[in-house]
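Okay, so subunit A shows up in both of these, paired with subunit B first and subunit C after.
The block that comes next holds the complex of A and B.
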């Protein structure tokens, strides 16, 4: 009797579960990327572009179906709601993997869009962020011929899952948010340039202070940024030696730095870089000897030291701190109340020293 | 009867569940004002409390708190003391449930009404708390053994990520010499307070001997550091304060390319779902048995009929459903306030055990 009562009770409890309001996959449109621009006509309005993938039955068939929607409104949330009345299915942001800020928009402020994306529960933290040039809408409109899944070409490039270019700085959404708030660490974003309807290029990066864009790193500086912040970067460098050009390919790389404040003298940041490399291109026809490799390494060291030092000085002068030197200074000093003031004071006098070691170890397949 | 090793599981379940019970949030809000120091102090206090309580309870072999109190005090006093403890234990489970319903709503399905999720949890919990103490201990063991490898995987994933900012962590470590406040110490000691369940589970331990108290201290210290510092390494020293559930945002920032699902968040959610349910079961089981201790019949000192359990479980469930009416900020306050009050409750519990022992010995000497 009692058992029966319990079972009936359990069955009754299942009753409210019948209609869960989850929508099936064929009733959904998956937003793969969001683009944000300043409106052309009203400078205080925002133009939201969504790149939407339409679910396909057979994943092996390679015909991607994409829909691009654009809507202008006062807030991002409102623009998304207005777009909902222009499509037939539910918009799902759960698979949104990229957020592109138009160049004009990034020059004013990014903070409101960061706030919106952070607050929304369905937007992932591991979304890739970038600046789109000339506008986010045009970047999202690019459809490379090699693309099989919507927006995948952008994602493969930004995540280093596909191509591994030393000129691309991958920035996750949570990383960007952290950089916007942290004292002593400033945001940077890779720039995606739409070259044509079928091609984009990512090789530069914008530096921000806490408010807006302050500096554009050229491809070389971007590559140095990657060299100094990632371990084992896949790249190559050119070097002039004895009046002709050589190129070497980096196999292992490692970089670290220390902020030094000698009692007598100016504060400086010392970078130590270690590269193990192999010769990739030799324009002369001479046979490579061991001594030659050593000399080439020394020439490469001198070249890198000078170029990286210049690049670091330029970045430092721009007033942005994408490397997080300020945070490192604070993290290694225990005088919590005065450390950031000290850092700000010495920041103007800061010098850079670069100490690189290039070991050209192999000559490649031929001597 | 169970072996002594089950004591460690009681400690571990509380230590692991701290993420749900607002410990990181409490510590993070004090991160510039003494959280690090309070972590150190909490380790000392926590280990000391464990030592004292285990020693104290071993004076009453195979007896739970209800028996100890009912035998040595007049009825009214023992009932009041038990009632106080019931409130504390019930609230512990209630907060875990409420915040997990909140997490489910935020991250998994915002479309399902909250009371349905709560009813689902309540069915599992209420059916399980009626089991014998031994079965609950065995279930606890199985769930912890199953979940710990996953948690270690998440941790390795998190700590080995190149985007994890050790500078941000070190910056907080340099704030170690700031004096802590009472709240932050009380909040940090929560992870050690699994031992207090011994007040009931002492019934089923066969001559309890806890060896390696230092191991508990070291484990507790590491778990505290991890649950406090890892979110800071991902969201930054400043950005972290804006996150409502720091650990779930951190899990969202992790990505696995080749393991089950790409977003670690979902695996993290299910791991913590089982852990928080079993933690609630342990806490409410203690609360249930204590309540039964209040209703022990006066003369025969036999335990009450089993049907009385339902009359305890029904108000438990109704209160939990009413608790859903709480707003986000009320739940926060309740959670943090509970951590503070609980600390006093624990001290009171330890003192009362020693006092009872003293009382008992004096009586015996007199007769």
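The block that comes next holds the complex of A and C.
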């Protein structure tokens, strides 16, 4: 008797812990992506765009149905509340997997939207963030022909689950938030450009300092960023050798760097890159020999060294640190009070050295 | 107690008085010129062929009363008694009372046992291995065990349970492997049972358990002699109930209920795989419906987008909340199982077809339940039947409703809460003093390597 009473009491005490209210799934509208823009008419207002998936009863039918809602208001929270009165079912952000910032909006400030998303309990931190060009609304309006679930094509591209393009930098929301707050590591966001109603392109990335956009990485720089930060990047590079053009495909890639502060000289960062590659395109009709592959590798090394060094210098000059060099320096030095100051001082004089090793090992399927 | 010696007539009178109004009571006087005896027995429980051959015919062939008395007394099953209550019990058991002029009464065993032949196991079918099962006769059942366990350490003690039914219950065990505390506990509890009628082994299981309200069976009820023998070799006690056709094995642990007898016949990895399958089936059948409710109504973000949209779409026409949907469909499934259980074999498949296929398809097409729900219910039903022992299967069937309740009120938290609760409950449970949730019944250190060889041929 006492035991039963205890159990019932325990169950009642657990009631507030359930988190959500009982609401059936068919009474919810799933917001798949949020877009944030600056209002066209009132520059101080924010324009929130929600892309909502309309569920299909018959899984055999291929067509997707989408509802796109746009609302302008002073704050994001207010805009979402106002949108609630425009739909019949409860808006659910549990499946929101992408947050797109309009280019104009991204140039002002991202902080307030990050704060909003961080505070809401139903928005997951594993959503992908990106900058939309020309605006977030237009990016969300893109509906590729190959898409079956709303926003899925965007997600597949951003997450590398689908296409594995070397020009896309996937940035999770938690990562972005961290980059905005961590000293020595700066945010960057991939740029999604709406080409037409059915097509988008992601090949560049914006670099931020802690406040605003400072630099736009072009596709090649974006690819170098990926090469230097991810292992075994799927990509190819072109190389000029003996007056004609060759392309090699990267099988394995590995990159590491060291920050060196020699006593009698300028501080520099030395990158070591190791690529194992195969020849993918040969415009000449010459026979490929082992010696030829070795020479091609050497040419590719020289080419990469020079290009990557240039790219790194450009990024460094912009004042943003997406690679996290500052964080690495701080993490490997002991004095907490002075290390960032030291870093800021030597940052101005920082040089880059790139030491790449390209091993073109295979000739492709031709033997 | 009045002594029956020297007063044969008064003894017979009092016996016939006790057994009055029994149309099957037979009282006979056998007379020749030299001697005379009186018979009293119940013809419904006595075998008339035995009676004719071993009592009537020899009577007319023997010369004197003394030699006939010696003849009767020489039978192994014959006893003699003076206590009138005991005599009555013997007669009710199926013995023939033979009263001599001297006043001495012999009770000759002529019991007629109506039990079918040893048949194939019905409820615990295995693919390969022995297929015989216990039947309703205690003697046959003991024979089935003795034949498989030819050791002088195998003991069989008999007691009776039931004030009216006087059912004999045999306690069989290997005295070298048994835990004496458990044996003493079992005997104590058997003596403590005070019921009128014992007809089934499962009933014994109910009366033996210390805790009246419990969720899980703490004894195994089996119809397979090989399982009984295997468990005896693992140091457990087997209770055989006369007239019941099933044996009770105790103490039992949780893992025992997920062991089929052909696991040991398989190659080792296959055996592991089969056991894993069963545990996965257990988890699925218990938690799937609850997870469905939790995920459709509370934590929709747990699902992948594709499934969330699919469920949402297929639920669009369903007029009631998710837990109603689940409970309705599960109840339908329970009805189906119950109905096909009791139906004659010829109609059984029809009922399942009509119920399972037509009802399921029609319900989804009418939009009363979602497509996903049908898949889920079938998965739950099938995985429930993966559990080899029925007693546990029934428990699990009931348990999932508890989980649905928790899932409905607390969502995902409730299901997790339920799982923690069940594990806590299981760890607290004892089967005759032995921890129920211990995963292996044999203390491997204690069993020597030589006995391991013996165990495999059980």
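We adopt the following convention: the second predicted complex is superposed on the first by the 345 of 367 C-alpha atoms of A that agree within 3 Å, B and C clash if a C-alpha of one lies under 4 Å from a C-alpha of the other, contacts with A are read in each partner's own complex, and residues count from 1 in each chain.
Heads up, the rule we're going with is that a contact is a pair of C-beta atoms (placed from the backbone, for glycine too) under 8 Å apart; a residue touches a chain by one contact, two chains touch by 3 or more.
On a predicted model such as this, the values are computed, not experimentally measured, just so you know.
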Which partner does A:134 reach: the first (subunit B), the second (subunit C), both, or neither?
-> neither
In the superposed arrangement, which partner chain does A:124 touch: subunit B (first), subunit C (second), both, or neither?
-> both
Pick one for A:265: touches subunit B only (first), subunit C only (second), both, or neither.
-> neither
Counting only touches as set out at the top, which of subunit B and subunit C does A:30 meet: first, second, both, neither?
-> second
For A:161, select first, second, both or neither according to whether it touches subunit B, subunit C, the two together, or no partner.
-> first
Is A:152 touching the first partner subunit B, the second partner subunit C, both, or neither of them?
-> second
Look at A:179 in the shared chain and tell me whether it touches subunit B only, subunit C only, both, or neither; answer first, second, both or neither.
-> first
If you stack the two complexes on chain A, which partner ends up touching A:333: first (subunit B), second (subunit C), both, or neither?
-> first
Indicate the residue numbers of subunit A shared between its subunit B interface and its subunit C interface, in ascending order.
-> 17, 20, 22, 124
Going by the contact rule at the top, pick out the subunit A residues touching subunit B in the complex.
-> 10, 13, 16-17, 20-22, 118, 121, 124-126, 161, 172, 174-175, 177-183, 185, 230-231, 324, 327-328, 330-334, 336
Per the touch rule, the subunit B residues reaching subunit A in their complex are 32, 106-107, 109-112, 116, 119, 123, 162-163, 165, 167-171, 173-175, 177-178, 234-239, 242, 249, 252-255, 257, 263
Which of the residues in subunit A end up touching subunit C in this complex?
-> 11, 14-15, 17-20, 22-26, 28, 30, 32, 53, 55-59, 92, 94-95, 97, 122, 124, 149, 152
Listed in rising order, subunit C residues that touch subunit A in their complex are 295-301, 305-306, 308-318, 321-322, 408-411, 413-414, 417
